[in-house]
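I've put the structures underneath this note.
You will see subunit A twice below: alongside subunit B first, and alongside subunit C after that.
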Partner chain A sequence: MTELLEGARLVAAPDVLIAILASAIYGLVVGSLPGLSATMATALLVPVTFWLSPIAAIATIITASAMAIFSGDIPGCLLRIPGTPASAAYTNEAYALTRKGQAELALGAGLWFSAIGGIVGTLSLVLMAPLLAEVALSFSTYEYFWLAFLGLMCATLVARSSPIKAIASMLLGLLIACIGMENPAGTPRFTFGVPDLLGGIEVIPALVGVFAVSEVMRAMVTAEPPKLPRRKFGSILANQWTLTKKYQWPMWRGNVIGIIIGVLPGAGADMAAWVSYATSKKFSKEPEKFGTGHPEGLVEASASNNASLASGWVPSLLFGIPGDTITAIAIGVLYMKGLNPGPTLFTENARSMYALYIIFILANIIMIPLGIMMIRMASLVLRAPRAGIMPLILLLCAVGSFATGNNLFAVLLVGLFGILGFVMERNGYPVAALVLGIVMGSMVEQNFITSLIKSDGDVMPFIERPVSSVLAALTFGALLWPLGVWIWNRTQGRRLPASGAAE
Partner chain B sequence: MQISDRVSGGVLVVLGSLAAWGGSRLPAVPGQDVGPAAFPMLIGSGLIGCGVLIALGIGRSFEAPEEPKAPHPWWYGLRALVPFALLLFYMLASEPLGFLLTAAVIVFAAALALGARLSLAVPLALVAPPLMHLAFYKLLRVPLPEGLLAAPW
Partner chain C sequence: MTETTRRTLLGATLIAAPLAAPALAQPRWPVRPVQMLCPWAAGGGTDAVLRIIAAILEKDLGQPFNVVNRTGGSGVVGHAAIAQANPDGYTLGMLTAEICMLHWQGLTEITYKNYTPLGLMNNDPPGIQVNASSPYRDVKALADAIKASRPGQMKASGTGQGGIWHLALAGWLGAMGLPANHVRWVPSNGAAPAMQDLAAGGLDFTTNSVVEARAMLDAGRARSLAVMAGERITAFPNIPTLKEAMGIDYQTGAWRGIAGPPGIPAEARSTMDAALDRAFKSKEYQDFLNARGFGLVYANAADFGKFMEQADASLGNAMKAAGLAKAT
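Right, the complex of A and B next:
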């Protein structure tokens, strides 16, 4: 109890409150701009977190990502362009509602159920994390290896693309992580005599390049999205309570699915939204209404993607294994601030954990008033010319990556990763898998090599221990899943739509 | 930048072989069976396998069909390299020119490349760099280079 109060005191510090408010507005604006994703919003925040206190730094990441995931619904609903990939699953549905003149209902559902999903997800984090921490204390390098590997396999499943290309992207990420001397033997690898490469590839320049610079590059070769006509909105939250009562069951299902997918290492908000929308349609009493402006799927998927955001912190905090690309960034910030992820975080640093929970709840509560303001100003924000925003993003990429180490080499890295991300995206190679490979490469290798040395090159201990055998089974399940889908499609003699890969 | 799967798969095979070959030449740790070479060789062979499968077109059925694109002249795709060129410019020019001038050039060039009119590009290039400098230099204490034009603060 004293620790809860201590946590509340940490959050009530003026710098933390200012950080929450400022990053909330930032997240709302960036998330609502098409092409600027929640991951990118978070990645560009990292240089700023260097100069904040640990709690304030975590607060900016949590708040900005939660806001950006919600506000990605706004352009999806009004322009049929998802602001973030996590909104893509139900963009058509929301836009259909807008065409029926019910934009308020669609936006309100996005806001209301995002907030509920965020809060339920946080509660699951509060309940689950300490319980799992007990289990995690007995984990050895074998379990950590499988967990990290499972995370990587999940990252390849999330991608709505060819699973082979996803695995190739992931391997490429692992290969990039090999660069430098950060390996168990301390041997410089693939440095080609460049001293800047000795320390390895920093994650932040890679992230900024892949998610932000490549977006600027894409803007160069695509037409500008249409401008939003000026419009007045009625009451945003008017019918949400009726919807909550009517679709109570789908809402809870969305929350639960979101939580489960969030907890899986490697799978995040995008996958949660797709899966929830699909389940909603499958179990609905009126599946024929889906796609024509029916709020049911919207309710479930909106709750789901925000719920997954909170529960995605479970593997990150416990094992240092990112739940998605956003928590991949968060883990970097946690290490930087001395809050090294691991089960002991919950016993030795309980007040910081309570502060983190409080920030989550707070962020989801202020999401409602701020979100309403954002919706009312959306026509103003979305009118900002792309030719004015993208140059600023590019400049931020340059300065931000320079700021991470006061090193100009990072600026070159950002540019190179921008090209890599752009080319990969264009050819159907999912970039999220690449990023998770880079983030987790040294962890996978460390645990793999250490385990092999411990067992004298024997693979049996990898599958003999009870927890590691379960994790191994899950990993191979994820690996063989696409093959199963493929065979099933063949035997059924028909082809599923592309979404089949994500289900 | 559309590349056929045969080419991108082939590139992966070459990259994988180089990784495996480079990895195999790494010095082993005396007295240990597994050393720094194991992981790159494993990844390299994985990449070779994936590359071959991609080049053969396996797994294509999972991909979303591509949207038809408007025809563009061949140089249109090269515009995508503008951001990279500007970042390269930042790396080379920020020390001698200073942050303010470099940033102004980048913002101006990027805005024009995206089709902004001069009435937008010029004010943006004049206003944004000082604001960015203020935020990063004053608030975040990033040592941005002064170069030819020092900021008044």
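Right, the complex of A and C next:
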């Protein structure tokens, strides 16, 4: 209890409160601009966090990402262009509502259920994480190896592209993780005599490149979004309570699906929204109304994508395995601020954890008034010329990556990863899998090698220990899942004589 | 004509006078901000120690001392930047024990000889930690168990392969007359994962610094049996030294000191030498290091040079014994 109060005291510090407010406004603006994702908003915050206290640094990331995920709904609803990929699943639905003259209802649903989803997701974090932390304290390198391996498998399993391309992206990430001498043998690998490569590819410049620079490049090759006509909005939150009561079940289902997807490594808010929108349609009593301006799917998916944000922090804080791309960046900041992820964070640094929970709740509460202001000012913000914003972002990427180590090499890395991210995205290779490979490659290798050293080369402890045997079974399940699906499709296909003949 | 020349001359002297004055008299240092390079990332232990020193120097010498983190290449990049900085005395930096290790591994040409040592400010000696439920009550019992064990049977960790704590283990085993690989080293990603694995029962002991073990010691999940230092650490008065506990006088540590590039002005060197002495003795510095559990060890400019020479030889021997050295 004293720790809860201590946590509240940490959050009540003026620098933390200012950080929350400023990052909330920043997140709302960045999220509403089409082409700028919540992950990018987080990546650009990293250099700013250098000058902040640890709690304020984490607060900016939590607040900005939550706001950006909601704010992405605004241009989706008004222009039919999702502000962030997390809103893409229900953009058509929201736009259809606007065309029916119910823009307030669509935006209000986005705001109200985002806030609810965020709070329910936080509660899942509050309940799950400390329980899991107790268990995780007895984890040795064997268990960590399986967890990291399982995380890599998830990245490919949940990718919305072809599994082959997802695996290719992940392997490229693993290769990048091999660079440097931070490996179990302490031997430089792939450094080509360049001293800057000895420490390996730093995760933060790689992420800034992949998520921010590549998005600027993408903006250059796509057409500028149309200007938003000025309009007056009626009451935003009217009717939301009726919606809450009417669509109570979809809302809860959205929350739960969001939480589960958030916990899975590599799958984040956009995946949560797609899955929730699909389940909503599947289980709806009136599926024929979907796509014509029906709020049911909006309710479920809006709750889901914000719920996934909070639960994505569970594996990140406990094991250092990112639940989504936003927490992949947050992990880097946690290390920088001396809040190293691990079960001990919950046992020894409980007040920081309570502070983190309070920030989550606070961010989702202030989302409602700030969100309403943002909706009312949307036409103004969306008028910002892209030719002015994109160079600014590029400049921030360069300055920010230089600030991390005062080393020009980091700026070069950002540029290179920007090009890599752009080319990969264009050809349908999921960047999230690449990022997971980079972040977790050394974790997989380190724990595998150290486990073998400890067991004198015996592989039995990997499957003998009770927890590791369960994790091993899960991993092989995930590994064989795409194969199973493929075989299932083939055997189903056999029924058709044509495909049998083609074979 | 003469009038103009005279006036010009007079004017020139007037303008030049304040500029020339310090050059003629003893040049004062510092007259502008000093950059302090840190080869490790912001938020780490080295960064924290350098920042407190910079803050004290700033108050003492009246010029800003700006800490700049020049990270990358496992410390190679930052250490090289200090050695190759303009020797005007306005770019200095912090050296860490790695400078006496990296060149043995063949990762850089730069050694401790490429610097002007200014002062040793801190040394964190390694401890010997075991799990709270370990049967070894003191370091003697552990040492006897090590001697009785098969080579490679016992496992220890604390940092990566060839890291400073790996060498501490190798040195300790050597002092007991055992080969460096008698206890198998399990490389880890720093001390925190090693301590976590020790608590989870995956290791026999760790040889990382006591301050890095502090969280697990406070939580009652691990015990520290001895510290490889000349005397006990102020912040951990209950942990005996190796000499007290088993009569072996082996000491090493992760040390940090201030240095500049070779050939910095004599004024800068003498001013820093005295200022670092004052900074080390200041209550602010002592309190900060004690609160964080960092070891308070000081040596002035001349002694820091000798200290690095000894450390370089000792770490080189440990690395050769452990088969980690590439250079000879």
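Assume the second predicted complex is superposed on the first by the 482 of 503 C-alpha atoms of A that agree within 3 Å, B and C clash if a C-alpha of one lies under 4 Å from a C-alpha of the other, contacts with A are read in each partner's own complex, and residues count from 1 in each chain.
Everything below uses one rule, namely that a residue touches a chain if its C-beta (ideal position, glycine included) is under 8 Å from a C-beta of that chain, and two chains touch if they have at least 3 such contacts.
Quick caveat: nothing in here was measured; it's all calculated off a predicted structure.
Superimposing the complexes on subunit A yields a three-chain arrangement in which subunit B and subunit C fit side by side.
Judged by the touch definition given at the top, the superposed model places A:R189 against subunit B, while subunit C stays out of reach. After overlaying the two complexes on the shared chain, residue contacts for A:S162 are found with subunit B alone; subunit C is out of touch.
When the two complexes are overlaid on their common chain A, residue A:K454 makes contact with subunit C while staying clear of subunit B. Of the two partner chains, subunit B and subunit C are each touched by A:N406.
In the superposed model, A:L174 lies in contact with subunit B only, and not with subunit C. Rounded to the nearest 10, the angle at the Cα centre of subunit A between subunit B and subunit C in the chain-A superposition is 70°. By the touch criterion stated above, A:F50 is placed in contact with subunit B and with subunit C alike. Of the two partner chains placed by superposition, A:S114 touches none, neither subunit B nor subunit C.
Nowhere in the superposition do the C-alpha atoms of subunit B and subunit C come closer than 8 Å. Overlaid on A, the two complexes show subunit B and subunit C touching the same residues of subunit A, namely 50, 184-185, 187, 406, 409, 449, 453, 456.
The residues of subunit A lying in touch with subunit C in their complex are 50, 137-141, 180-182, 184-188, 195-199, 202, 335-338, 340, 342-344, 347-348, 404-407, 409-410, 442, 446, 449-450, 453-454, 456.
Of all residues in subunit B, those touching subunit A in their complex are 1-3, 5, 8, 12, 15-16, 19, 22-23, 26-27, 29, 32-36, 38-40, 43-44, 46-47, 50-51, 53-54, 58-65, 70, 72, 76-77, 79-84, 86-88, 90-91, 94-95, 99, 103, 106-108, 110-111, 113-116, 120-121, 124, 128-129, 132, 136, 139-144.
By the touch criterion stated above, subunit C contacts subunit A in their complex at residues 41-44, 68-74, 76-77, 80, 105, 107-108, 152, 155, 157, 160-163, 184-189, 192-193, 196-197, 199-203, 215-216, 218-219, 324. The part of subunit A that touches subunit B in the complex is made up of residues 47-48, 50-51, 160-165, 167-168, 171-172, 174-175, 178, 183-185, 187, 189-190, 213, 216-221, 223-224, 385-388, 390-392, 394-399, 402-403, 406, 408-409, 411-412, 414-416, 418-419, 422-423, 426-429, 445, 448-449, 452-453, 456-457, 482, 486, 489, 495, 498, 500-501.
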